[in-house]
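In the two complexes that follow, subunit A is the common piece, with subunit B as its partner first and subunit C second.
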Partner chain A sequence: MNKLPLLKVEDLQIEFHDHSLPETAVYDFDLTLMKGEIVGIVGESGAGKSLSALAIAGLLKRHSAIRAGRILFDDLDLSNCSREVLREYQGDEIAVIFQEPMSSLNPVKRVGEQVEESLRIHHREIDRKERKERAIRALESVGLKESARVYESYPHELSGGMRQRAMIAAAMIAEPQILIADEPTTALDVTVQAQILALLKQINREKGTTVLFISHDLRVIRQLCSRVLVMKDGRVVEEGDTERIFEHPREEYTRSLIRAIPQVKQKEPAPPREREILAVSHLDAGYGKRSVKKNAATGKILTDVSFVLKEGEILGLAGESGSGKSTLARTILGLLKPMAGTITRKDFRPAMVFQDPYGSLNPAYPVRWILEEAYTGGGRIRRGSPTEIREKIIDALARVELPESFLERKPAELSGGQRQRVAIAEALIADPNVLIADEPVSALDVTVQSQILKLLADLRDKTGVSILFISHDLSVIHSLCERVLIMKKGQIVEAGEVDAVYRDPEHPYTKELLAAAGLYHM
Partner chain B sequence: MVRYLGKKLLSAAVTLFAVSVLVFVSFALIPGDPAVRKLGTQATPQALEQMRESMGLTAPLPVRYVRWAAQFIQGDPGISYSYDMPVRTLLGDKFFVTMSLVLMSFLLLVAISIPLGIAHAKREGHLFDRLFLVLGQITMSIPPFFMGILVTLLFGIVLKLFVPGGYVSWKTDPAGFLLYLFFPALSIALPRVAMTVKLLRAEVLKEAEKDYVRTAYSRGNSTMMVLYRHVLKNAFIPVLTFLSMNLTDMVAGSVIIEQVFGIPGYGRFLLVSILGRDYPVVEAIIMGLAAFVILVNLLTDLLYRLLDPRVGEAG
Partner chain C sequence: MIGRFMQRILKNLEKSGMFRAGFFITLFVFLFVLAGAMYTPWSPTTMDEGARLAGFSARHLLGTDHLGRDILSRLLTGAGTTLFIATGTVLIGALCGSTIGAACGYFGGVLDEIVMRIIDALFAFPSILLALVFVSLFGSGRYHVIAALGIAFVPSFARTVRGEFLTEKNRDYVTKARLQGISDLRIMFLHILPNTGDVMLSSVLIGFNNAVLAEAGLSFLGIGVQPPDASLGRMLSESQQYLFRAPMTALLPGILLVLMILGFSLMGEGVRSHE
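Moving on, here comes the complex of A and B:
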């Protein structure tokens, strides 16, 4: 590969104009992209990584702007040229793929039309017929079968992985020199994520496209990138070859990021647990024939599911979206009637913790109100005097390690991790003995993620609460759980001690999931 | 698409049937004997009985409904009690006049509000935008009858573009008829134009914030291309619903404007017929309105489906 600098960013500064005073979001960002390399930018939310990448693509939204610096490409400063000149490069030389493959595609236009759009804009000499042929070929080359049919579909008719492939086809159709990928796999299932990463690698290898890959996930960066920039609070704190950064990080922040990656270490054997509080046996469940999804003939989502949950145990439930994890949680809670099989509950007092700490807390009320409502059931349950209730609320906050000063804050004033703590406090306040946590950390940054996982483990140690921990992330499950159930298409395909399952997976699907998480080599 | 169309047609037919039953049964059950109304309270019982017989009022209700509906389908809604003339002859012309007025208002509404709404959104925050926000607010708050008076004053009396009250029949002078209708149509359309412009502007600006717009820019689209190729189709979806609601609403709303401008539509006639208990006429008008509303909704559903591929997928 010839090492020629393709793009040079010098002293880039980006500011926000959201409020009355401009606020700097990115300071002195420098980057040189060599022809044909894959460079990663990693950092937590708000670090300025997407902003920097979007600035290079000329896609800063309103209220944000480049204050200083240069973006040199093709003997031209892209940060300081007219919209008309910039447009010549967008889509033709520099293409972008985004995080949300659903909302990033126009919902009312056919996929094919969107895939060929860059050609229509930049290569007017290509006629309609050839454009269509090339679009179909592009769809094929990103691994979409029946590409002619995909060409005619609308975005909502495709799965998340297919949409992201179509986005890549659209980005690659004019054979750009640079592909900017802004968290392109974050919204996808692990196995799909692995496929998309492989596809990006393949494109880089076959077409020599330079890739700038933005992610909050260090593991993904490590799999893909040869060089990486670590960003924090708008600044690049460390930069270098990926392996060097992983093996010998210089900065404390980089070290903390690497530490926060859930490690698969030999676990201490769990103490023997005797008392079963939940036993599920040969359970079938689903939404009946009215359900438009899944097995339309029987409306069944879960088939022959059996497992037990013991007191004080943290049980992992792993699987991808649509595998039936959430349906199982609903059935256990009694929100959905089993179609067959039995659920035996002994002194089973459950509470739920949800994935999205932004959506699950009422934004109009302070923490005190939210917890009080959870505790008193909105006033329906008598719980003693106001002082006693207040003490209980403060106690619940203390258990999730939040100080009393949080009582009067509203969800908007809290960070993602703090919100998830409030959500856990909300679940804990009525003294449950089982927490059902449905993807509780998947919306959080890695460092926050590891704090919440530690909190859950501490809670179990202190209070003896059992936790059914639902997640698509096998390394998270490994770091927290004692036993794991692997679920696929409504069936438990493998179950056992976490260490044993991870060391010697039996079912091919388990192997695939572990491989996608970088925990197993096939 | 064919299945969707079939489903919508069927549901339209069922709705129309339900309305017809409701209309027929309510008028059959309303106290008051049409025979008495026709012959006067002094008529002999035999004469009344004979009259009922000849009006077909003695048969059981379902039989009467079927007869009525069959006639209706053949385009004959019966004989007016008050005028002893076929309702069809009485109403045909009036319906035509009102529908012309409504359709003209609707065309004006679409023709003015859509370009204006787009222009508005393009210039968000500029002087033009702010000026029209205020102007729109004022226009919106003027009730149609008063707008009619203002239009008459400005175009009729000051500018002398038409003769107030000088209605021209379409039979004698089609062009003059359309010219005369233009001003009442404008009065009906203007407040709705202001509302539609406001909605379209808001929808365009809302869509412009979405992720797919960023994708469109990333491919090198210019602002105009993003607007016309990506944003507008999405922004039109809610506007379409609003416009179709307006169209059905205008059919009812035209009654007042017809009074202000002295237009012989069905509006005034409906009032007189209700007071005179001329049920065949009232029934015909209600059924006509119902059919119009159902037709508009049907067309809206189909257009909706064309604009938004996500509609009607699952069921």
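Moving on, here comes the complex of A and C:
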């Protein structure tokens, strides 16, 4: 690798012009990108990592602007040049791919048109025929089979992984020197994520493209990057070679991030559990023939699902998006009628925690109202005097380690982690014996994630509640659960003790999932 | 609920210049109407025989109309009548419309299909035409006008609220409330309705607008408020014959009408624009 500096960012400061946000978003950001390296920026949401990267690409949106500093590329200061000059570089020398492949492709234009767009803008000399050929070649080079067909299709006809590949093809077609990737794999399933990372590595190796990779996920950064910047609250707190950072982190914050990565350790054997609370046998379920989803002939999503949930156990349900995990949860809760099979519920008092704490708390009301409503079932259940109810609510907040001062706050005034705590308090306040948690930590930052996982384990120990823990993240499942069910296309393909399944997976799909999460070597 | 509505109004006042402008215009109109309810220099129906179509004078500040009635007094009470009818109309439309829309959006299914098709059919007629039919069936007069326009306004509210409920009912907090065994009625009105606040506020404001216009239209056509009562539409209609001899008799109620509508629509726009 030749060590030529390609891009230099000096003392970059970014400010917000919106009153509701802090004035300065990024302080004194320094970065030198060498030709052909992959540099990662890691940090939790709001750390300023995306803003810094967007500033480099000249893509800061309204409400934010560069206050000071220089971005040097090709002897030119990109932070201080006209839009016309900047446009020469965007897409041609510096390309960006974003997190959400659905919204970053235009739904009404064919994929091919969008892939060749930067050629059409920057290289007028190339005629239509050659443009199309090059677009098809670009699609091929990102591993899309039948690239001619993909060229003609619309974004909705492609899967998430294919869309992200097409985005990469569009970014790479003009052979830019720098590729900025802003959380490009966060919205994807683990197996697809692994493929995209491999693709980025390959592009870097073959074309010598410099990659600036932004992620909240340290595991991904470690797999891909040679150098990493750790950001917190708008500042770079630590910078260095990836291995050095992981082996000998200097800053406390970096250490806490690394600690928050779920570790796969040998678990203590769980105590024997006797009483079955829920038994599902040979269950088929789905949304019927009217549904556009899944198997159109029968409208079935789940086929022949059987398992039991015992008192006090934490059972993991793993699988990728679309595998039927949430449908299973809805069927167990009785929100969806089974098409065949039986669900035996013995003294089954369930409560649910949802993935998105922004949507699962009513935004119009304060925490006190939300908890009271859950406790009294909307006034349906008599629960004693107002003071008794109030005490119970304060008690429920205390259990999720929130102070009394949160009572009158509304969801909008809480952070993601605090909301999820309120949601858990809400779920537990009516003394359920089963908690169904549907991806409860996947919308949260890593440090918050580990706090919530610990809280769930503690609550189980204290209250003896059984938990059905649904997640796509196998390391999270390992750190929390005793047994695990692996689900694929509506069927449970493997089940057993977590340790045994992870050590010695039988089904090829389990192996693939574990390998993609870096927990198993094929 | 009222408190929350007030909070929302304050928030909008702070955030949107357009809303602020509209709010102060409307405030002026309200104060004008309030003053008219307490005091008018003349009785709005007294005819001053000697001073027909008189100009501005100390005796009649804003002049008189073709029957010698004091225009200022008629404006003061007429604006009140118009505002009263508009308020009643919006109240009926919003209450019935939101209830129907909420039920259709929340329950969906056959009920939704049937009711919404009826609403669609009603929606196909201009509201003034519907009101015309109702008035010719049940007679004119201010309470009949309120009832007629109120019914004509139901479809638009029903549609808006239904749309809001359709998106809100699939959110996790609603699913959760159902799991907690909370009754459907309570979920509809206590859990979901407050979250449609901004949309409700803007459609109430825009509804107000249309109601003011519709009342003026009906009265202008002579089937709204009946003589000798004053309303802005009535005054416009009576003055059209004398447009050239005494333009102020038409201009003044016209200006007041414009102010009324401008105030509400600026507020409505203001609410919508910063959402």
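Here, the second predicted complex is superposed on the first by the 519 of 522 C-alpha atoms of A that agree within 3 Å, B and C clash if a C-alpha of one lies under 4 Å from a C-alpha of the other, contacts with A are read in each partner's own complex, and residues count from 1 in each chain.
Going forward, a contact is a pair of C-beta atoms (placed from the backbone, for glycine too) under 8 Å apart; a residue touches a chain by one contact, two chains touch by 3 or more.
Everything numeric here is computed off the predicted structure, so don't read it as measured data.
Following the overlay on subunit A, a side-by-side fit with no clash is recorded for the pair subunit B and subunit C. Superposition on the shared chain A places subunit B and subunit C such that, viewed from the Cα centre of subunit A, they span 30 degrees in steps of 10.
When the two structures are aligned on the shared chain, A:57 is found in touch with subunit B, with no touch to subunit C.
By the touch criterion stated above, A:373 is placed in contact with subunit C alone, subunit B being left untouched.
Contacts of A:412 after superposition on the shared chain: neither subunit B nor subunit C is touched. Between subunit B and subunit C, more residues of subunit A are touched by B.
Applying the stated contact rule after C-alpha superposition, one finds that A:68 touches neither subunit B nor subunit C. When the two structures are aligned on the shared chain, A:350 is found in touch with subunit C, with no touch to subunit B.
Of the two partner chains, subunit B is the only one that A:154 touches; subunit C does not reach it. When both complexes are overlaid on chain A, the residue A:359 reaches subunit C alone and has no touch with subunit B. Once both structures are overlaid on their shared chain A, subunit B and subunit C have a minimum Cα-Cα separation of 6 Å.
Subunit A uses no single residue to touch subunit B in one structure and subunit C in the other. Of all the residues in subunit A, the ones that touch subunit B in their complex are 57-59, 61, 83-84, 87-92, 95-96, 98, 100, 103-109, 114, 117-118, 121-122, 154, 156, 167, 170-171, 292.
The touching residues of subunit A, counted against subunit C in their complex, run 333, 335, 350-352, 354, 356, 359-365, 373-374, 377-380, 426, 430. Of all residues in subunit C, those touching subunit A in their complex are 4, 171-173, 175-183, 186-187, 190-191, 194-195, 197.
Contacts from subunit B toward subunit A in the complex involve residues 210-212, 214-223, 225, 230, 233-234, 237, 307-310, 313-315.
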